[in-house]
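Take a look at the structures listed below.
Paired with chain B in one complex and with chain C in the other, chain A is shared by the two complexes that follow.
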Partner chain A sequence: MLHDTTHITDRPVILSLAGLSKTFGTLKAVDDISLSIPEGEFLTIVGPSGSGKSTLVRILAGLEAPTSGDLFLRDTQITQSPANKRPTAMVFQSLALFDHRTVGQNIEFAMKMKGVPAADRRNRALELLQLVRLPEDYYSRPVTQCSGGERQRVALARAFASDPEILFFDEPLSAIDYRLRKTLEVELKELHQRTGRTFVYITHSLEEAMVMSDRIAIMQSGRIVQTGTPAEIYSAPVNRFVASFMGEVNILTLEKDTGGKQVFSEIGQPVQAARGAYAMIRPEALELGPGEITTQLTVTQRLMLGSRTQVHLVSELGATLISELPGTAPELDIGTTHPFSFSTEDIAWMDE
Partner chain B sequence: MSQRSSPGPWFAAPVAIFMLVCFAAPIFIVAWYSLMPSRTFGLTGDLTLENYRSAVTDGYTRPLMWSLIGAATTTLATAILAWPTAVILHRYAGRWAAVASALIALPIFISESVRLFGMSVFMMPRGGILAGTMNAVFDIQIGSILNTWSAAQIGMIYIHLPFMLFPLLLGVSLIPADRIEAARDLGATRWQTFREVELPLAAPGLLIGMLLTFVLCLGANAEAAILGGRAVTVITAAIEQRFNYAQDWPMGAALTVIVILVTALIVLPVLSRLDLNRLTRR
Partner chain C sequence: MTRGPHTSALQALWIVLILGFLYIPIVSVVLASMANTRYMRFPHKVWSLDAYRDAIASFTTWQIHSISFWIALFVVILAVVLGTLGAVAFARYDWRGRGVFQRLLVLPIFFPQPVLGLALLLSLNAVGLAPSWKTAIFAHLVWIVPIVTLVISIRFFGYDPAQEEAARDLGANRWQVIREVTLPALWPGIFSGALFAFLLSWSNLPLSIYTSGPDTPLPVWLFSRTATNYSPLVPSVAVIGTLISALLVLSLALILLAAKRVRARRP
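After this line comes the complex of A and B, so read on.
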């Protein structure tokens, strides 16, 4: 059965973070974070290395105590309760599998701790093996004899075995090669829909976040700078940090020219009705040929992206821009100059 | 290239010869001696198992038992004391760990008898350091355990603690912190985490420490002599006595062989389960 995820914000809140902070010496690793996570949501926290993602999720899991702030599970304060008393489970970046045990023993660990009888544990472990798409005969295999992707699945099954209300993932896929990662991302998303559990996922790849999440929170230096659905973040990043995080985009700076008119300093073109200090224009919005705002650009690089072509361009003022065009764009030889244009409708405005 | 000859045996030869001369040969001589008639001093007598029979009938099982009890108790006690010490040194002591380790290791460089006599002075009744201080400062009169088995036992624990601690420190450092966190996260209590994760992961170090301590304790003599006042006779003392005062070399040899066999019986199964590769991180 698939759970409907469209009205997630109407669901009751399962986890609320109220002003959580964590300082290490003078460093504010987590800086006053408040957030409500509805039941059944797939929330992804994205941020560059060192932005405090792991620290935040470790606080949520009970592996680290916050310096200040509160954490509520539904209406119960759980800030002080230890990790083993929380109905949550974490999939670690290192996976942290028990290498001295078999796949089955790893999966059964949480049940064994609760005193579930061996036969029941085994049945549930076999079910979970199926859930994470591992063959049943892996049950008695030592985890040291599993491949990277299989270990990933074992870690996932082990987390599910404790029957957690919330699952935390701290970049579990970062050490996996691209193709397997794509497969596992989709499987994880399906698993989320099938089980209806709340997932809090951490990654430094916005692309990964876009694929899987109901909602994304973007972290920068210990703070959450923007939260929203993938579509919201995609179309309206709040600042240049978020915009540049999305990969290759064009960011133009507004300035007043000598006559007091607003112009883009990178291309020297005027613009009416600017609604911010910076403009983000996606590569696919920068089209070949004249249009609303037109500028002459010289091709410096041409890359084939399957059905599309990406060209790197340089303006007369020396700024580099990127455009993505359908087809092979045969006329765009390196060194040639062409008119390119974009319309004000395609601009995402940002203040900082 | 004319002929492929493996260099291995050549490099191993010096060590192999050394082991043969200094290790295998003496053991063989002792074993042979143990089969000689009682109170003879040659290796040419008729072979007999008489010494082994009288080892059992003449009550030598008692000293052996005391030695085994002493070794087992010491192994257990040092393990219990060393575990938290190792964990604290490894996880919390930071740069003080080296200083603390050095302080713990330092006594090894002082002669064992000197340290035991020091303890004996400490434990002495009335004028002893402990009893004297209690009397002078707190006006409390206490007895003394000097010259009892308990005193010998305490001495053994004190002497052998470093031999348990250092291998265990190595063992504890083999436990990755995230495994402990994972166990806690999956609902394990502190005790369950210890039993299910920390203990098995530190097992190589713990086992080496236990083997070292156990074997050293089986051969220990000074503690029972200096602190225990020979309240009980340990097997080493019995063997020494056979060779020296009693001038019964075959009997001493038979007891020695028995100790070697008992040691092997206990040590070999443990040794075969030991994964040395994990300890050296290969």
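After this line comes the complex of A and C, so read on.
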């Protein structure tokens, strides 16, 4: 991680969510969410499509009223205060740039609403162009003549121009190609460190969340199921939903065999001192060769991942597993069977 | 695609034909206005501008123009206001019954206008209103507001409503959102809507005939004087009317252009 997160949790809380809910008809889009966001934190809310991320962030920005619950900015209750009265700014999924205006006019909008004189607005807009790495002569260019990445930067500069204490991002990078997205992720992270503002970022990509955040909150059907640093979530997901959301992992189910012993039902191997109903084993923890818990697996697929090799395996009981090995693993031809093993230390236990 | 000389010659011919088709009737009205016969007939031998002198000297000429002008002016203002509000309800917001509203709204456009005019006259009688230029405004609105609403609604296609939320998020109050985001997006539609409203009202015959009562707008006068009591005065008034409406539309466009220039210079 780029910086030490323990400092952040010591900082005063800037935004607290107390039991926020939002229902649309019978649908609970946001379901009783409580969360404290410390000043200067980069918090990412991750969840699959339809889990209520946008609805939640719109409530935080004041664009949607919660059905119940409260919202506090420091110690002030702001549940009912409208978007234009909150010291926050949002970067929208569609960016929502003002199409009939220039880059400069877009950036200056918030200052114009505050009645800042034109000359000061212009100076600040030029500073902001620099902050988001756009050339100065973009100032008078119509936004309709900007590329996707440039529009992204304009939206960012426009949000910063209102000098917000908290910035909200609703999947602003989802429509951008992979390489540019990677660049912008890093830039956003740097911008966060340089400006020291509180960022609340929404995405459906845990990978994106891992790269940028101090803390991640994982959302599933309107609820936050886990919060933690990227490292915490990586090593100890609370349930199978979170574990599988992180990408390709092996999840094994515990059951009692006829003798009352605990066994993994996918591979038929016994395990002592189980601490949950499910076990997550990362692909890199499933090693070639015998070990603490060993099982015979047959190779069905072999994929080169640069310096490592990923093999798809099938157990004698028909379950598929994945292993990642260093190097090219030349002996693992498709169709061959080998002993694979993992140790109980590498298991992340989950109850559901 | 390559274009030989033949293609471009054909293209030129095509354009000339279309323009001819459009302008020959207008030219013939101008020619007819310079005759001194009692019948609309070609070719005529005596050329004179007497008809214009008479037309300009006659009180009726000014009266019919001013009636048409006032009707059109009120129709433009009311149709733009109602059409803008209608377009917002029609295209911008999703609400229960919107589909029904959309269908009901466009229905009057498909009514044959003479039928609509007659129906309106009957309803005016039923509520005890005497037909006059004011009731003609109402009649025009029934037909023109749906058209203006449709014209303005088109602007909402490809419009990202999140722009309004962004503006609000950046500190704009409700009124500022309308002024800074919604209206600028609608502006070209409002302008074309106003233009349509003016021209449709200025040249409307079938609705005015039934609903304007003793006040005679230009098209009604032209129609009745062509049917009975024709003289070169009729085409000359028609020419004057065309010139006036062209001038009005042109000056409106110039005013708007100037306003845009001034706004653009002020950042």
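The rule we apply is simple: the second predicted complex is superposed on the first by the 346 of 352 C-alpha atoms of A that agree within 3 Å, B and C clash if a C-alpha of one lies under 4 Å from a C-alpha of the other, contacts with A are read in each partner's own complex, and residues count from 1 in each chain.
Just so we're on the same page, a contact is a pair of C-beta atoms (placed from the backbone, for glycine too) under 8 Å apart; a residue touches a chain by one contact, two chains touch by 3 or more.
Remember, it's a predicted structure, so these values are computed and weren't measured experimentally.
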item	value
Room on chain A for both chain B and chain C (clash or fit)	clash
Chain B versus chain C as contact partner of A:F98, first or second or both or neither	both
Contacts of A:R158 with chain B and chain C, given as first, second, both or neither	both
First, second, both or neither for A:Q269, with chain B first and chain C second	neither
First (chain B), second (chain C), both or neither touched by A:A110	both
Touched partner set for A:S221, first chain B, second chain C, both or neither	neither
Which of chain B and chain C A:M90 touches, first, second, both or neither	both
Contacts of A:A118 with chain B and chain C, given as first, second, both or neither	second
Contacts on chain A seen with chain B and repeated with chain C across the two complexes	61-63, 82-84, 88-90, 92, 94, 96-98, 100, 109-110, 113-114, 158-159, 161-162
Residues of chain B that touch chain A when the two form their complex	176, 178-179, 181-189, 192, 196-197, 200-201
Residues on chain C engaged by chain A in the complex (per definition of touch)	160, 162-163, 165-173, 176, 180-181, 184-185, 267
Touch list for chain A against partner chain B, complex	61-63, 82-84, 88-90, 92, 94, 96-98, 100, 109-110, 112-114, 158-159, 161-162
Of all residues in chain A, those that touch chain C in their complex	61-63, 82-84, 88-90, 92-94, 96-100, 104-105, 109-110, 113-114, 118, 122, 158-159, 161-162
